[in-house]
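Got some structures for you, see below.
Shared between the two complexes below is subunit A, which has subunit B as its partner in the first and subunit C in the second.
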Partner chain A sequence: MRVFWILFSYEWRHFRAAKGLVLLCGLLLATGLYGIYYGTTEIERQRQQLATLPELTHRNVEELKVKFPGPTDAGDIGYYHSTFAVHHPDPWAALSLGLRDVNPTYVKLRLLGLHNQLYASDNTNPMKTLTGNFDLAFVLVYLLPLLIIALCFNLLSAEREEGILTLLLAQPVRPATVLGAKLAFRAGIVMALAWLLSGVGMAWAGVPLDIRVPSWLAMSTLYCLFWFGVALVVTAWQRASAVNAVALLGVWLVLVVLVPSLLSLGVAAARPVPQGIELTIRQREEIHAGWDKPKTQTMNRFFGLYPQWRDTTIIRERFAWRWYYAFQHLGDQAVASQARAYAQGLQQRYDLVETLNLFSPAIIAQTSFNALGGSDLPAHLAFQRSAARYHDSLRAFYYPLLFRKVDFTHADYAREPQHTFTSQSEMPTVRRGLSKLLLSVTAVLALGFVLVRRRSILPH
Partner chain B sequence: MKSIAQKEFISTLRDRRFVVLSALVLALLLTATLVGRASFRTLQRERQLAQTTVNDQFRNQPARHPHRVAHYGSFAFRPRSGLSLLDAGVDSFTGSAVYLEAHQQNSVNFSQAQQSGSLIRFGEMTVAFVLQLLVPLLIIFLCFGAFTQERETGTLQLLLAQGTTLRQVAWGKIRGYCQAVALVVAPALALAAALLFTGEEFASNTDLLARLVLFGLSYAVYFFLFVVGSVVVSARQASSRAALVTLLGLWILGGIILPKATANLGASLYPTITKAQMDAEVHEEAQHGVNGHDPHDQRAAAIKAALLKKYGVDSEEKLPVSVAGVQMAAGEAYSARVYQQHFAALNATYEQQNRLSDWAGLLNPYQAIRPLSMGLAGSDFTHYVHFQQAAEAYRYGLVQRLNGLQASMGYGDKERRLDAHTWRELPVFAYRAPNLHWALPHLFLPVAALLLWAMVLSWLGLRLISKTSIA
Partner chain C sequence: MSYLLEARELRKQYPGKLALRGLNLQIAPGEIFCLLGQNGAGKSTTINLFLGFVEPTSGAAFVNGLEVAKNVLEIKKHLAYIPENVMLYPHLTGLENLALFSSLAGFQYADQELLDYLTDAGLPPEAARRRVGTYSKGMRQKVGIAIAVAKHAQVLLLDEPTSGLDPKASNEFSELLRRLSGQGTAVLMATHDIFRAKEVGTRVGIMREGELVDVRPTATLNAQELEQLYLTYMN
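Coming up: the complex of A and B.
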């Protein structure tokens, strides 16, 4: 053990002297800090944008109060009044932005049919969303392995190529101890960097201290260990530095770039989703046919769903708001099963990726980080369900006014239901990710140890 | 020089590692082409079918009031460009369908990215992806030892002793490597071209052919840059290991870190206004006038007064036109103008955000080839905006024709409907993607950046080589 510590301390001196390596670590630290800065400012910007929405609703209400000074038909208000369903980020989203820039963070809703409002997208710059986010998760998943590769590709080969290994192995040390000390030293440095960045990120984002803190740290640690395992395997293979560098970068390319993009193609082909556009076309057809159908037919279908309004007066006039909103709702009803199939199809795509991510620890880590941040597809689907429930509650608020012919007064604006939704971390996904990563780490480290045992380390 | 080129070419082909790697790259290119074509066809079919469906629905409407038809509206689906099967560009991150209706301009919805999990953030396996990132990596593996190996084995001195100059050696090597790279990439591109032009939809399309030729040429320049750059680095570095590490470091910096950093920085510097905020502002200006002194109600009243005066009558009933129809047309013209200003401002913001990345193309060839490639493929942001504008032009034209029909119905139009055959005479949405001539001016910067790189590297790089030490 004493030999191990001697070697360890010499590695430290060696490291301090190697300007290139210190520079690389500094570079990673800088990119990590930028990632944290970008993630937190991006989430802060989203929070600020969401905070302006009540002001827009307020302006809308003020305008309506001028337009309709006295008590008025609730149908008019339902038509002109808009509110927002809002998707607030969890503080963890700042560390892993996921799809929060691709999917809209709010939905503008009126009392009209839900499904031609629910899928509206926000203004986004496609060049930016294509390029992706520079958040802490990106630094940990993409760049940290590259640092590990840079630190480890010439672990023994450099010493061999410089002729030092012969001298070293002539001393009374076991080659495995040399290798162990070198790896442990580098693992120490990288782990310290990862923990430091994670700590800074958590403090900056102001995350609550709960089970997710150790989960994030465990995830980063296991992911680093996996890459050290790969480095161990390649080192035990004992080739020239250039070959090691190519091999390690090849593994990185396969696991971080090729497998994910091929998997993405495979999943899209294996789980085709019924196009969302089909359901909006169908809904439009249903709603507009409502104008051309006899009113009693529409109302009877509607009363089948809402028998409590059956005893209301028969519509004899050319236009009545309660008839209008009845066929809006029937339009939604006509596509309800399609809408469910669409959401389920998306969820199934996500689930299939989660099942198949065992092929690449990078995908495991990225999905788990996003699950922790509540910033992936399931969070958005949960938000959409929540927005749909909000739309239900709006209808429940307006229907009595419409069907009992009670006028809408200025005081009613304040009684209208409000919506708020904050994404939740998907802890089951995180736990599954942790156990899968643990499995990968064990497998790759075991392979490394076997290789080190089998192939004795040679000085030449 | 020729014999050096030949030597490099042959010894490359004999190198097993290179053969395996290039077989891998070739396989990926072929997979990407085939998969690209399959997904292209599915999407194209889906969108064409949807467009035909909504067009038929529009034509076969029953007797309706024209303003009801304006609210019924239509959809515009964005057809994918032919070459987008090689480079999908921003297509997966832009919406595919926009609902066209009276009074408002809707967002383009249902992007591919919104229909998949965050896995799509790892990047898509397209031909462009292989060509932009993986082939350069192959070139680096091929060329990093160009000079260092000769130096390490001492053959460089022998070569120079025969009277050749360093510059000649370098050019010979560059030529040899270029041949080897062409051998890997050309078959895949030829196959892609064959696949493209055997599909009946593209037969005898000269614009597409011209785009494909320029596409191939740009990548030829791009690969040439990497070959020359790698040879230069190899000449300037002391050992093969140092050369390889330097080149890989540059690849990571240029291919992974810089594009993301510049895109994110651009977005932080020029924040985007939300759709909700923008719509509220548009509504405000359309209601109260752009300057706040020209409210909608006053404008409507002025129109009515002008109509009464024009026809010399004293009440609305005696007018030959429907006042509501004329007011509607004027309102639409006003709000469309307001929308246009706001969309122009939004697109200007996007352009400001992207400009940082475009200028970074001068420092980083990857950020030059990327916009150039998608621009030629017709899948970049400019082409997307062209579609948006075409959809809006159609929407505006349609709504105004319907408003015209309403106006011509005269007083009491609300009680009446127009015959079903009226809707058959209105045009349906048919999108024609812009041609190369339209696209080229937008691609000036990336083209200039690539050519500049090629010239600077061939001139300065080779000068550096001839000054390099031999031993």
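Coming up: the complex of A and C.
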């Protein structure tokens, strides 16, 4: 251990002298801080946007009070009154934005058909998708391995190429100890950076101090260790620095870029999911057809779902709100199975990616960070389910007024259901991610140790 | 008699080349054995085998009675090595390099002691505190000598150690070798410098194509006779 610590302490002097590496570490630190700033700013922007929604609802109510000064048909209010289903971010989402920038964070709802409102903003800005998020998770998953590569591509080869290794290994020093001290020093630097950035990010985002703090740190640590394991394997082959650099960058390209892209393509092909817009169009067609169908037919179908309103008066007028909302409701019913299939399809895609992500620690880490931030697909689907339940509660509030022909008064605005939803961390996904990363780290480090033992490290 | 360095039927086969053909060699304490031979004769392979940098195909090398292949780490406590081209950490000063290599060998010296070792090896005191990156080859060679001396090893392995040294420094190095030899250090020096071998060596061995073809005490030959003998074998 004495020799290890001597070498370790001298690594600090070597590191200080390598101005390029110091600069690179500084650059990563600055990039990480920008990532934290980007993430927290984006979440703050979303929070501020969500905070304006109650005011919009309030203004809408005030306008309706002017428009309908006295008791009025609940159908009028259901049509003109809009409210919001709101997806509040968890503080952790600031560190891993996941899908929060492409999926809607709120849905404007009226008493009309649900699905065309739920998927109205399903289309995302492709430019936004293209650029992605520059949050802390991005820095840790995509950029940190590049720093590890820059620090480790010439782990022993630099000394070999400069001829220093000859004199070094002529001392009573095990080559594995030299390698271990170098790796440990670099791992210390990278871990310190990752932990520092994580700590700053957590403080900045104001995350609660719970099990997710050690989970995030463990995830970052294991992910770094995986890349150090890769560096160990490449170093054990004892090739020139240039060859090592190309090999390490090749591994980065495969694991961080190629495998995720291929996996995305493969999963999309294996689990085709119709676009939300198709569902909306189908529902809209169904609703529009409702205008031309006999009212009795529409109402009988509706009463099949709500037998408690069957005894309400027969509609003889040319237009009645309860008939209008009935065919809106039936429009939702017509695409109910399609909507379920859509959500299930998305979930299945996600599950398949989570099963196959063992091939890329980058995906494991990204998936886990998103799960921790409650910014992944399951969180969005949970929000959509919550919004659908809220819409059900709006119907449950308005339908008795509509079908019992009870007028809507100004006091009813306050009794209208409200919605709130805050995404939760998907801890089972995080635990699975940690297990998989631990497995990857164990495998790659074991391979590295075996190679170091089998291929004796030579000075030239 | 106990030898500090011993090779028994030492053989090294590289892919496509037999570098060493059953070398037998014994070097006693206080002896300076100079290995002469052309490039590729097997001098460096012999030194690398004693250092444990390469494993023998057959036979065995011993340092202070310990078989090198079985005690790679232990034997390095007993020997010091100066390569033909001493390479050091360029961003560290001469003092820092010496401190690093000495501490790896288990010696902790005060700054003044480190400076003494460097100046004894011929490095100007003001250079000792400069970064090695600014050193000439000869200056690096002197730091290499200081590293070897500061290790207080019983065995000194030298591969063209005076390469890059000016004549004055080479003479000082010869003096140093004689002093160490007087203290009981066994020296194995691979060199092309016949005159230096004659001047400092107690025995010379001539290697050709992996074989030690002749061994003579230097006292029995003058420099011209040694040169003639060498040329005879080389031709």
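General remarks:
Keep this in mind: the second predicted complex is superposed on the first by the 450 of 460 C-alpha atoms of A that agree within 3 Å, B and C clash if a C-alpha of one lies under 4 Å from a C-alpha of the other, contacts with A are read in each partner's own complex, and residues count from 1 in each chain.
One rule holds in what follows: contacts are C-beta pairs under 8 Å (C-beta built on N, C-alpha and C of every residue); 3 or more make two chains touch, one makes a residue touch a chain.
Worth saying up front: this structure is predicted, and the values here are computed from it rather than measured.
Once subunit A is used to superpose the two complexes, subunit B occupies space next to subunit C without a clash.
In the superposition on chain A, contact is made by A:Thr280 with subunit B only, not with subunit C. Looking at the shared chain after the overlay, A:Leu28 reaches neither subunit B nor subunit C. In the superposition on chain A, A:Tyr106 makes contact with subunit B only, while subunit C stays out of contact range.
With subunit A as the corner point and C-alpha centres for all three chains, the angle toward subunit B and subunit C works out to 90 degrees, nearest 10.
Touching more residues of subunit A than its counterpart among subunit B and subunit C is B. With both structures placed on the common chain, the touch criterion links A:Leu144 to neither subunit B nor subunit C. Measuring only between alpha carbons, the smallest separation of subunit B from subunit C in this overlay is 15 Å. Shared contact residues of subunit A, touching subunit B in one structure and subunit C in the other, are absent. The part of subunit B that touches subunit A in the complex is made up of residues 28, 31, 35, 38-39, 42, 46, 50, 53-54, 57, 62, 64, 68, 71-73, 75, 77, 89-90, 92-97, 99, 106-111, 113-125, 129, 133-134, 137, 141, 144-145, 240-241, 244-245, 248-249, 252, 256-257, 259-261, 263-264, 266-268, 271-280, 284, 287, 346, 349-350, 353-354, 357, 381, 384.
Listed in rising order, the residues of subunit C touching subunit A in the complex are 51, 53-54, 73-74, 76-77, 79-81, 83, 85-92, 96, 100-101, 103-106, 144, 147. Only residues 31, 34, 38, 41-42, 45, 49, 52-53, 56, 59-60, 63, 84, 98-99, 102-104, 106, 108, 116, 119-134, 138, 142-143, 146, 150, 153-154, 161, 240-242, 245-246, 249, 253, 256-258, 260-265, 267-269, 272-273, 275-278, 280-281, 284-285, 288, 291-292, 346, 349-350, 353, 362-363, 366-367, 370, 375-377 of subunit A touch subunit B when the two sit together in their complex.
Interface residues of subunit A facing subunit C in the complex, by the touch rule stated above, are 3, 6-7, 10, 13-14, 17-18, 162-164, 166-174, 458-460.
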